[in-house]
Amino acid sequence: MASLRERALAWMHPRPQARAWALLAPGTGWLVVFFLVPILIMFAYSLMPRGIYGGVETGFTLEHYRRFFDPLYLDILRRTFVWSVACTVICLLLGFPVAYAVALGGKWKNLLLFLVVLPFWTSFLVRTFAMIFLLRDTGLINNWLLRLGLIENSITMLYTPFAVMSGLVYGFLPFMILPIYASLEKLDHSLLEAAEVLGARPAARFRRITLPLSMPGVVAGCLLVFIPALGSFLTADLLGGAKQMMIGNLVQNQFSAARNWPFGSAASFIVMALVLVAVMLYLRVKDRPTGEAA
Amino acid sequence: MVVSPSSTAGPVVQLCRVSKTFGDVKAVNDVSFEIRRGEFFSMLGPSGCGKTTTLRLLAGFEQPDEDGGEVRLLGEVVNKKRPYERKIAMVFQSYALFPHLTVHRNVAFGLEQRKTPKAQIGDRVYHALEMVRLDPDTFARRMPGQLSGGQRQRVALARALVLEPDILLLDEPLGAIDLKLRKEMQLELKALNQQLGTTFVYVTHDQEEALTMSDRIAVMDNARVAQLGTPAEIYENPRTAFVAKFIGESNFFGGTVERRNGKTWEVARTGGGRFLVPDHPALAEGKPVRIAVRPEWMDVWREDAVPPGENAVGGAIRDVIYLGETMHVIVTVPGSDDVTVAVRNEGQLIKPLPWKRGDVAAVAWLPEDCQILEEV
Amino acid sequence: MVARAPRWVLGVSLLVYAFLHLPILVLVVFSFNDSKFSVDWAGFTMDWYHRLLERPDILRGLKASLIVGGASTVISAVLGTMIALALARHRFRGRRAFEGFLYLPIVTPEIVVGISLLILFALVKIPLGLTTIIIAHVAFCLSFVVIVVLARLEGMDRTLEEAAMILGADEVTTFWKVTVPQLWPGILSGALLAFTMSFDDFVITSFVSGSGSSTLPIVVYGMVRRNVEPSINAISTIILLVTTGLIYLADRLAREK
């Protein structure tokens, strides 16, 4: 007399596909319903005309996407893109030396790595507030500059592009350092020694060996910074104020004050599209064989 | 209590034309054999020959192909039975001790699954640990992580034997153990097999191990059984070139059968000369034949001093190698690969071999020492 | 054996480390500053921390964060582990596509996730509250749990499960008695990660929470916006310690053999 359990197991045994799908179903279902479907609805909304209260009416229109050719919005797109690129470049310039130093850290390696990762673990909101605390007119930096008599009046640092850029770099720097470190760590030192024996000077060794071999890490790091920067919202919001809008802020605005859900959806979809393009480019580049470096 | 392999009714394991395919590859190809109660049965072969897959088919971790034969345990067809439905125990190559359980809980695991009364478990675990020569008071509370490789293997054995199984499967259990301990454990395993009467099905790629411990060996090659027999049969009468090469060392000679001569046949050797082989059903006039001869059954003589009645092939000494217990004399022979002759070392300092490189000599052996190979 | 880094590299690194840590250190230090407005050091005090306890909005926010965190962690852990098991143990068609799908929530900007869910809830007329927050948090934490648990599963010794089965345990028993104990540090690590991400989340939560269901980050955001007193520093320090501690634990568990 087989129990329910025995019968269930006997049924499942010759059907591995059924077992797999039984396990996958709940989680996948959740993601489909609460992640995929909403995004699809959002995309649909972006193609529908705006209703009286800010929602949508039935119909089809491309006007929301067309609005992006308006200089005001093109400006926001441009700013978002430029800032994301700038942030990535700055993080690369600052992050590579750090990754290099940690990779050569010897016995300090673990500690140094821990110190890089630590800010990464803390709440983004808290870190952004820490920046505000430093940069505002009554903040620490101004306070000390005044005290030391270096300036007469507070320098306005908050609500400037400088503040937003600082916030972005501050937030994403660890994302750049870690992958580059991982790449450099795997670097075979005997390659450098061999190059040295063959007469290559430090700069040449770096350019011809270290840099190419750390490329996978560099590319990964750039992506890990660029993508979230594109979609970032909090930094520009708290550190930039109304004047320094990135596309994330535009989106948020449409769902609060401006009450234009379809337009917000279109903006949101554009961000999503930019991110996906960046990801696909990365996947292509990643799988391409590295010519000289190999 | 000694149970001889041939007593009691019926084989405990039967494989009838079993095949197992993975994708395009046939890992086990039409394999059939039987294992008798109490036997120490080994499956021997190089990696990829199918021995482990066959063992896993017995255990139930793999199922034979749809029309891939039958696996029977104790007379019952078990093709579709899950491992936990089969009354079989197993020792794994990596020991597979549960790291989060103590030695005691590990050994008791199977008993708990069978709902053995608590009162009995303690005693049986105790005896099982004693049987594998681990002091229960010292080891029962330890965690697997605290044990050495050899100790872990013993616990794995205890965990299997405590269930008093009819059949015990062993998947290269001594692979990761160092040489001296390995030899010790080989003897212990053999002793346990004889003492308990449990049928052991053992998988190994180490031919010496198989020869030492087994009652019978199935030599496997390329998903098939190349030869099945006792260690003596396998070693002294290999049926194919593969078996002759895999077990011990062999010298090979090819030729064409010329004619019958009473109880022997004359064969013309490729490369010149003749040799006699004993009567064998596969022999017929004009047929090509291949024989193998073990190095230790050969001797090196001066060409004119070969004893009468022995087969001989002339050549030149290429090398003399010192191996301690034996000396290997390598002789280059026209028409064949170099011949290796194994001679007992009677002490090179007091009674050295008279051979050195370049000497002209003949290798000789008795006709009955020819192993006629079924595949050419 | 190790080459020396040039001095300017070390210099830059030092500056970067300072850049990464000073703001937080300053934040923490000034949470003990006995002065309401000034950034001059006026003495040590635990006042701001005490004041936190008197603020009903902070306490409500904390309670909401804990409820949401707890629920979304448990759900993510269960669903995520199931997916990881399916991925690790079975080959099925469309697996590559599925893995791609699983990574989507990780790359998708939070703003997109947030508003798309807002749209969904509005469309289906589900009132915004703790439930909608929990739904949203599970949606973005799930993939992370899968990654952590999958990594652990792939490093697991499969023969342990075979050994259990040959000793008489069926698939279900083997799962609970052998697989889960082995997997447990990985599951716990994934759960802690999920909890931390849920606890910290602001952007997504801000869109799917109603007026009465503010989590702690939402409360803190409000305080930052209004530039209120050093209590912000105090609550920030606490959040800092809690989340850092949890992630540290999660990291240790993930490494455990």
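The first chain written gets the first letter, and so on, giving A, B and C; residue counts start at 1 in each chain.
Rule of thumb we're sticking to: contacts are C-beta pairs under 8 Å (C-beta built on N, C-alpha and C of every residue); 3 or more make two chains touch, one makes a residue touch a chain.
As the structure is a computational prediction, the values presented were derived from the model and not from experiment.
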In terms of CA centres, which chain lies closest to the overall middle?
C
Among the chains here, which has the CA centroid at the largest distance from chain A's centroid?
B
In whole angstrom, the CA-centroid distance of chain A from chain B equals 60
Separation of the C-alpha centres, chain A versus chain C, in whole Å, is 17
If you average the CA atoms of chain B and of chain C, how many Å lie between those two points?
57
Name the residues of chain C that each touch 2 or more other chains.
170
Using the touch definition from the top, which residues of chain B touch two or more other chains?
82
Residue list for chain A, restricted to those that touch at least two other chains
9
What residues of chain C sit close enough to touch chain A in their complex?
1-6, 8-10, 12-13, 16-17, 19-24, 26-27, 30, 37-40, 79-80, 82-83, 85-86, 89-92, 98, 101-102, 104-105, 107-113, 115-120, 122-123, 135-136, 138-140, 142-143, 146, 170-172, 196, 200, 202-203, 207, 217, 220-221, 224-225, 227, 232-233, 236, 239-240, 243-244, 247-248
Interface residues, chain C side, partner chain B - complex
157, 159-160, 162-170, 173, 178, 181-182
Mind pulling up the chain B residues that touch chain C in the complex?
59-61, 82-84, 86, 88-90, 92-94, 96-100, 109-110, 113-114, 159, 163
In the complex, chain A touches chain C at residues 5-6, 9, 12, 16-17, 19-21, 23-24, 26-28, 30-31, 34-39, 41-42, 45, 55, 94-95, 97-98, 100-102, 104, 106, 115-116, 118-119, 121-127, 129-134, 136, 138-140, 143, 170, 173-174, 189, 192, 202, 227-228, 230-234, 238, 248, 251-252, 255, 261, 264-265, 268-269, 271-272, 275-276, 279
